[in-house]
């Protein structure tokens, strides 16, 4: 169960710049204040500060917001391993919410379990700045070869 | 497969006002501009106008945003059937993204498949204003009896 | 929410015979006693009689067995719409178990929500012979073009 | 992401015997030939030999069979941490199938991520005897307090 995650060789030496540029085109990430704080082959991390405008009815961070940053962290983890000329889409994800998201900062980490020519499978975790595990995700993505990753 | 969804009797005659008040406490729904447009026993609908600030890197509505409104529509569908003194939490959800969210308005509908004293199971669909099916969701919620549905 | 499922035109006029032949190659379906009882474009149904050897620790039908027939019903629903020369694999599925599987016969129905050149998305339901909804599934499949659907 | 799984203290000192007895009441596990090979607080492992009668149409182990052993491994991982007088039910699970299950033996490992008084969240992995990751699972279970874990 506890074998370390595999190490991956990116096909695109400029994967970090490409992933960062794609993230910066995600207006939705900017709108909620999310930051892409780590980009490695097969892994990324996104941070999000607690903000009143992101809460649900009881004052905790909204589960949908937690899903958003986990979805993006996992998706960009997969995108690090894709060719420079590709784009990608999320096929599906499943998230379990384990504890209320209490704290000042949320850390969403995504990692690739299986990269693929067509489909990639990733796993994500969201933790508070106290290390409490808030959510776990399992996600499927599809690579779009020779497709611009920007508006037409 | 195609039996109509069951009809439910709400325990709380004021379920619609209670659900609406809870939705209005969700700052995150306000932050993205979502509107609760339908509240029936076991069903709700949320609408969201296309806004540039909610897009992913290619200019479509972000999959995480779609997940947010589906999650809330399903959750409030379940909440219509819960007692007046209860609150609820999302245990987990799974979403498939079927098509790019192109159009001016997204419609997220949630419906209860099985209400429960503890767990409720819901199903959701998100469509564009052209009727294109954009996403489907399956979700599990837990009722919190005798718990305020507002910040402590 | 309740629009009828779309009607599909199969590409392969002999889809029913092809699906039936594939099902009959599934030794696992035979091992548990499952029968493929309905094959239509975009839909199939599988029936399974209650058998002591399929139970979990309390004497109900095992949740994994319920998952098996729902997985196959959904997969074959997708396979009805694929070309004659294709095979398919299940990418992932998610199942909610809603009620104990009590009764003499389980009916698993699968239907296609979105067929695709590469990925197909399906939804399934399992009911008892009393009509009780026992489980719901959401599933993703991938078509393998020009691939034999039999052992090499 | 890679923090070691937490260590748990079982409430029931006889958890291993209790879990084993429950597994042995699962006729479905016996019917497919699954063996419970490891029982630790918060973890279990199930092994399953390749058998022709468990295959899908191409001669690989059926995805539903893989789901069955992962479901049971995860469920019994949670059951190790529950009180002696409890039973449990699977609420839902989601499985991604990553590679064909080729080989002589499948190893399904389940581990608890969050035990709970009501709900427990687990994660599972299935590997071949060559170490190839075949499937990953995320699962939710509900404890039934003061409930016999055997037929009435």
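Letters A, B, C and D mark the chains as written, and numbering starts fresh at 1 in each.
Definition applied: a contact is a pair of C-beta atoms (placed from the backbone, for glycine too) under 8 Å apart; a residue touches a chain by one contact, two chains touch by 3 or more.
Values in this document were obtained by computation on a predicted structure and should not be read as measured data.
For chain D, the chain with the farthest CA centroid is B.
Centre-to-centre, using mean CA coordinates, chain B is 28 Å away from chain C. Between chain A and chain C the centroid-to-centroid distance comes to 32 Å (mean Cα coordinates, whole Å). Our note on geometry: chain C versus chain D, Cα centroid distance of 23 Å, whole angstroms. Shared interface positions of chain B, defined as residues touching 2 or more other chains, are 91-92, 94, 96, 138, 140. In terms of inter-chain touching, the protein chains here all touch one another pairwise. Within the complex formed with chain C, the residues of chain D that make contact are 22-23, 25-32, 52-59, 61-65, 67-69, 71-72, 87, 89-97, 100, 148-152.
Partner chain D is touched in their complex by these residues of chain A: 1-5, 43, 94, 96, 98-99, 109, 111, 113-114, 121, 123, 125, 131, 133, 136, 138, 140.
Touching chain B in their complex are the following residues of chain D: 91-92, 94, 118-119, 138, 140, 142.
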